[in-house]
Amino acid sequence: MTPLCRALVLAVVGLFAATAAEPGLEQRVSDLEAYIRNTAPAGPIQGNPGPGHNGWMMVSAGLVLFMTLPGLALFYGGLVRRKNVLSVLAQCLGLAGIVTILWWVCGYSLSFGKGSPFLGGFQWSFLRGVTADPNPDYGAWVSHNVYAMYQLMFAIITPGLIIGAVAERMRYQALMIFCAAWMVLVYFPVAHMLWGADGWMNGLWNSKAAIKSIDFAGGIVVHMTSGWSALILCLLLGPRKGFGREPIVPHSMVLCMVGTGMLWFGWYGFNAGSAVAADRIAANAFTATTLSAAVGLCVWAVLEWTLRRRPSVLGMCSGAVAGLATITPASGFVTPTGAVLIGLAAGLATFLACGKLKSFFRYDDSLDTFGVHAVGGTLGTLLAGVLATTEINANLSADWIRPLVGTSLWWEQVKAGGLVLLLSVVVTVILYAVIDRVVGCRVAEEIENQGLDLAEHGEEGYTH
Amino acid sequence: MKRIEAIIKPFRLEDVKTALQDAGLVGMTVSEVKGFGRQKGHTEIYRGAEYTVDFLPKLKVELVVPDSQVPTAIEAIVKAAKTGKIGDGKIFVTHVEDAIRIRTEERGDQAI
Amino acid sequence: MTPLCRALVLAVVGLFAATAAEPGLEQRVSDLEAYIRNTAPAGPIQGNPGPGHNGWMMVSAGLVLFMTLPGLALFYGGLVRRKNVLSVLAQCLGLAGIVTILWWVCGYSLSFGKGSPFLGGFQWSFLRGVTADPNPDYGAWVSHNVYAMYQLMFAIITPGLIIGAVAERMRYQALMIFCAAWMVLVYFPVAHMLWGADGWMNGLWNSKAAIKSIDFAGGIVVHMTSGWSALILCLLLGPRKGFGREPIVPHSMVLCMVGTGMLWFGWYGFNAGSAVAADRIAANAFTATTLSAAVGLCVWAVLEWTLRRRPSVLGMCSGAVAGLATITPASGFVTPTGAVLIGLAAGLATFLACGKLKSFFRYDDSLDTFGVHAVGGTLGTLLAGVLATTEINANLSADWIRPLVGTSLWWEQVKAGGLVLLLSVVVTVILYAVIDRVVGCRVAEEIENQGLDLAEHGEEGYTH
Amino acid sequence: MTPLCRALVLAVVGLFAATAAEPGLEQRVSDLEAYIRNTAPAGPIQGNPGPGHNGWMMVSAGLVLFMTLPGLALFYGGLVRRKNVLSVLAQCLGLAGIVTILWWVCGYSLSFGKGSPFLGGFQWSFLRGVTADPNPDYGAWVSHNVYAMYQLMFAIITPGLIIGAVAERMRYQALMIFCAAWMVLVYFPVAHMLWGADGWMNGLWNSKAAIKSIDFAGGIVVHMTSGWSALILCLLLGPRKGFGREPIVPHSMVLCMVGTGMLWFGWYGFNAGSAVAADRIAANAFTATTLSAAVGLCVWAVLEWTLRRRPSVLGMCSGAVAGLATITPASGFVTPTGAVLIGLAAGLATFLACGKLKSFFRYDDSLDTFGVHAVGGTLGTLLAGVLATTEINANLSADWIRPLVGTSLWWEQVKAGGLVLLLSVVVTVILYAVIDRVVGCRVAEEIENQGLDLAEHGEEGYTH
Amino acid sequence: MKRIEAIIKPFRLEDVKTALQDAGLVGMTVSEVKGFGRQKGHTEIYRGAEYTVDFLPKLKVELVVPDSQVPTAIEAIVKAAKTGKIGDGKIFVTHVEDAIRIRTEERGDQAI
Amino acid sequence: MKRIEAIIKPFRLEDVKTALQDAGLVGMTVSEVKGFGRQKGHTEIYRGAEYTVDFLPKLKVELVVPDSQVPTAIEAIVKAAKTGKIGDGKIFVTHVEDAIRIRTEERGDQAI
């Protein structure tokens, strides 16, 4: 070997060493691109949350909490009579407290931990092992504990929706017990089945799901469970004293409208946040959410204008919330035009449900939890099956679900929705029977006259 | 003419109104008041500080009626407002010397 | 060739292959750095939104919506009399609905699509082609549909500001029709001219702009258009019954202050969000916004203290909003000290406008839309021209605008502002004439006495 | 040399050139990874804020402002009597104005600029040199001016907390002067000592700190300073007229609850934002904050239920805020289970303080600033010392503090807390004496009867 | 002394106050009330449920005047409160036996 | 029976209530009113527009008492409500013809 050749050999060997490191660099760059693309990293960056996604999800979690406290509390609180306003606020606050503790003890684990297809296990009880590292099952770049907190906020607002149907007459204690039990018997299993990595109906992520349904942000998990349970609960509880005989009108439409604005604002965390990333899908969900809310609002306004010459604030608020609830399961799957269609359907269906259905069957769904959330959630679940497209959500291209998209996906939705509806109804009936026997579900007539605030909470909403 | 002033429990208003209407009395004026009497108040607790609230929400219904209708009116109110529990309220009757309907300037029994 | 040499050759060829990939890696790293720097990528990552920027813009869009619902609704709603509070809320809600639908149909396309220098085309009607991929004309790392939604929120609040001048007396129907037509005739063209990539007055981005004006977050597009139209509209409509004779006082200063807090909070989305990235410029805008708001607040407080010994909540709220409105066009261009100066000028000018001008000319600008927004927006537009600096906003270094910075930029501002003022005034006069003839702009006197809530919306704000 | 060999040599030389660039690429990739990991970059990307972190911090800054305007304003405003509601709002607004101006003039510089261990210098007065580039002392990837604005929001809310103790009787002018002076004498030094890069008690970042205490988001800096000063101030001021004799009850529990919801929502910016990044530590703080708030809420509810059969809205709000205030100093240091323990302790301690301590000593801490914030902040400061763990916050592994973690850290906390307590008390006594002499601290009895709103601000909260 | 109680439409208060002042009567006490009478109420619709609201907002103006001023007072009120539309309200006159000014303990006509 | 109607400053309510209770009078009905009289109102300024607010918040305390207790009641109220400053308010006494306790239908002095 000439010296030159030797030098060359050494150089090349050196270079080989360098190129040996190369794949490392390539991998590291790919992982950084994975951060942008929201795909899972494979190199040494693994285990780190990505700031853009993580920040967005913390904001989203905050927004979803804001939907309940004070959003929903005001939306509902404004609609009851002045003497019961604090009872609604107390229920929202109490749920935030109790559900959080349940979630910490076992709720998150039962909902999102691996276990059977029907319910998670106990591996994450007390949030053991739920650290700031991402869990790629749920978000490649979002801290696992942020995801757990984000999902907690959903778990808080869901039973909160039930308040609307039983307001002004249910005992505080009974409602808290009902909701705690309902979380364990309805919410945790349903959340697991639809959203758990190994869930029985999780068509989007679980290739082995028996029912391949999709639920982007909680049409089934949030709105159907709570809405149908609410209907049953208000039927069992009976109407408020004076219902249909005396005027029972909102004590503050202003509060109700403020609550609506907060709900809409927070709903971006709810829907766009359900992408568990600040990515394309989140962007699509953001867009769909906005359009459906506005169209729902307009449908109510136009119908009221046409039928009664007076578009009302409550009508527009109801329409917006209906649009939001209905787009929820579909928000990350549909085009802008799809969202407009869903908003249209949402407005029409809930207008009829609140106006005609309720007066026809004469049940007292105090603040229309059923008329808005169950009707909207059910409709949206179905329409998500019809209008979902892989162009908006590339995850629908997974080979186990792609064949269904645009064909029979709606049928999976019907199956999933139907089963969850059944479960909600049955559990509600049983829970009501037990709790009514043990502690009594309804306040005494005297208390209903006087208002729940003083009797159950020892306070008044306003003094002069 | 007499002025009948009834202090009643708020949730009885609808019934009182209906009873008076049924008795052919359509005019009345209602105001929100706070009542203090034999009926015990309630306690409110704010961060450990207890307050006894003696003043309870009541409604005051005032109506001016011709002398002849005073018994009818009283009866209607009593029937509709009575729950039998303490705090049902009172009715006071005073004499009214004149009444004027602003719109027409009619006077006396015509005006009410 | 010796075997060694052959080996060497092969090795080197292999290495060449590797180095052939190299420029790719370099490009990919540059693109990732472009994400940090908010510059446009050129490699395969193109077409992806960047999570940090995208998340921030979704938040900003939400914040700007929050400014209207419920922010502005409360700010204005608190200032009217109790019998008209719902009419204000209904107007804010209605605009959110109608403007969204217009935006979807053609508004976004006419405002931001390419077309003539004066108005965009129809290529993006129904948001066709507005996907989750960034459009580098408007944001290198932000989903195009997120940008469209972000801009929608501006389009909603702008006509919302007009409400303040005509509150308590304009028919709901007439106002909705006016605003819808006004969006098409004033807002879409002005937004296009100032902010469209090929806009006639877009000095910042369009090298061919005839007027090289700058408007960071809407001094001209938002505050001048609405503020000057509001003045004309309230002049044409005439004063409220009893104006100047009876006390017409805010029914709830508490709501007004809550609305102010929400506006301030949301304004960070408005101003810092206008960087369309979470970058340096956003950071500068955030800082300027805070300082100007606080200084505006203090100016009102000090003036009230000096002149009347009683600094009022409404005064401080007005000062803060004035500071915010005035810094808007300048927020991404000026130093902290520039922002303090603008806050000072804003406080003084709006204090005089609301206190002296109005009482001198005796027009009934119910809630001071003109006094705060037109005056603030006009002043801020001018001051942006005077105080803008390339040190705060590097985009001002583009060769077509740099020569103007610090010299005659203010004159471009005067030209742009003047023309838009004219357009706003003319369109308002015409629209008023037509609509007043066709549907009637003012409610009947009886309804004005009774309050708009009952007559126009069939509801009451509060019951006992 | 054969031509082949020559070619080879050239190739290799070329490759060497490429590999010479290599370290550059490696550095650039490392820096991008540093963005993900929130560590300081070393290459050419230096000086750029990172979008994910920067966006999150702008949101956090907005959230902390939202806590004061309108959060705290409503939380406190709802608890006073109707005739004084505006005085509370005016105080919150006024502080936002004055503190911002102070901050701009010298506050930020004195708090966070380098100087003595006890107080910063004037290098950053008027925010000179505080640009959009990150200052690695405080956040490797966050614009320095965003950090300055974020910290401003803390500086605004801290004196705002004092309002709660002196509400309904202190002169507006006196309170504003007191707070301005208090900022200079208490807040700026304490913030510098605990959080300044060269602070005397900054155990987390300053290896030379004399007292190695930790305060994640302001247990000492925010809650102890304001809470203890508030106690002294309300003692010196004396009780409200009629205190203990007449019912002085909240005029609107609804507003109070709305404020609580806003505080909770905003507290995520306060605590998770204190990581100055959207990183693991932020995620941990987010989780701890949620758990402690919910547990605090439940503790109050259960205690009220047990002792008085009526869980109240005010009780649950107080418990939640207590949980939030107490977790504050510990939020970025403790495990979920640690947070639950802190929530428990917070609920118990503040329940006793508000219920027993106050009635025992008969001081009139109008809205329980001491009972909630001082007690919570002090307790949390101590518990942070006991429960902090390196597993949650890797920064505790720095060699100067690691030995203390889990051992004697609590003693550092006691020392730091004790000294700050002393400083707060002494300064408050002196300031009160001076201001009372010069302008008078307490309103005239006539004004206290009539309400502060009319006399001091010339407005009424609500009209009919 | 007589007590004159006038139920009027809320937006007429300013005019009534001015008219009374012009007539030299400066004392009065006003309260918010809900009136029920011949004037038709309105309907409110909340999500399809229609409610007829019979009680309309009115103001009650009370003033005690020396006997001699009763006609002046009534005339002033009628003139200022009349819109000619149904619901303008009523005036009731009752006899007052005594009046005391708390501040001075003056009695009778002096006190008002 | 007489009806005693006292217009007082709002912050004196507790004292008046206690004074009446001490005098053995437990029944009363209170309402919020706005008073207009010799006491000067205040000005409110909203963005430079000044408004003189003549109507000041007052409370109206009504109680019906047997004739014999009228002086006691008046004395108690005057003592408790007097601050000596203008605007302390008035007391008016009118005759009541009948009183009925709704709960028991008792009549006259029994009923109050």
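Per-chain numbering from 1; labels A, B, C, D, E and F assigned in written order.
The rule is short, and it goes like this: a residue touches a chain if its C-beta (ideal position, glycine included) is under 8 Å from a C-beta of that chain, and two chains touch if they have at least 3 such contacts.
Computed from a predicted structure; not experimentally measured.
Chemist: Which chains are shared contacts of subunit B and subunit E?
Modeler: Common contact partners of subunit B and subunit E, which must touch each of the two, are A, F.
Chemist: So using the touch definition from the top, which pair is joined by more C-beta contacts, A-E or C-E?
Modeler: The comparison resolves to A-E.
Chemist: Pick from C-E, A-E or C-F: which interface has over half of its contact pairs in common with A-B?
Modeler: C-E
Chemist: Just the number, please: Cα centre separation of subunit C and subunit F in whole Å.
Modeler: About 54 Å, centre to centre.
Chemist: Hey, how far is the Cα centre of subunit D from the one of subunit F, in Å?
Modeler: One centre to the other, that is 49 Å.
Chemist: Find the geometric centre of each of subunit A and subunit C from their Cα atoms only, then give the gap between the two centres in Å, rounded to an integer.
Modeler: Roughly 31 Å separates the two chain centres.
Chemist: As a quick test, compute the distance in whole Å between the mean CA positions of subunit B and subunit D.
Modeler: Their C-alpha centroids are separated by 54 Å.
Chemist: Tell me, which residues of subunit A touch at least two other chains?
Modeler: Within subunit A, residues 5, 8, 12, 15, 25, 29, 32, 35, 50-53, 55, 59, 249-250, 308, 310, 312, 314, 458-460, 464 contact more than one other chain.
Chemist: Considering subunit E alone, which of its residues make contact with at least two other chains?
Modeler: 31-32, 44-46, 85, 94-95, in rising order.
Chemist: Strictly by the criterion at the top, what is the full list of touching chain pairs?
Modeler: A-B, A-C, A-D, A-E, B-D, B-E, B-F, C-D, C-E, C-F, D-F, E-F
Chemist: Quick check on the complex: what are the subunit E residues that touch subunit A?
Modeler: 44-49, 51-53
Chemist: In their complex, what parts of subunit E are in touch with subunit C?
Modeler: Touch residues, subunit E against subunit C: 9, 11, 14, 42-46, 85.
Chemist: If we count contacts the way the header does, which residues on subunit A are in touch with subunit E in the complex?
Modeler: 247, 249-250, 304, 308, 310, 312, 314-315, 318, 351, 354-356, 358-359, 368, 371
Chemist: Spell out the part of subunit B that touches subunit E in their complex, as residue ranges.
Modeler: On the subunit B side, the touching residues are 1, 3, 17, 26-31, 64, 94-103, 105, 111-112.
Chemist: In the complex of these two chains, what residues of subunit B are touching subunit F?
Modeler: 2, 6-8, 31-38, 54-55, 58, 60, 74, 77-78, 81-95
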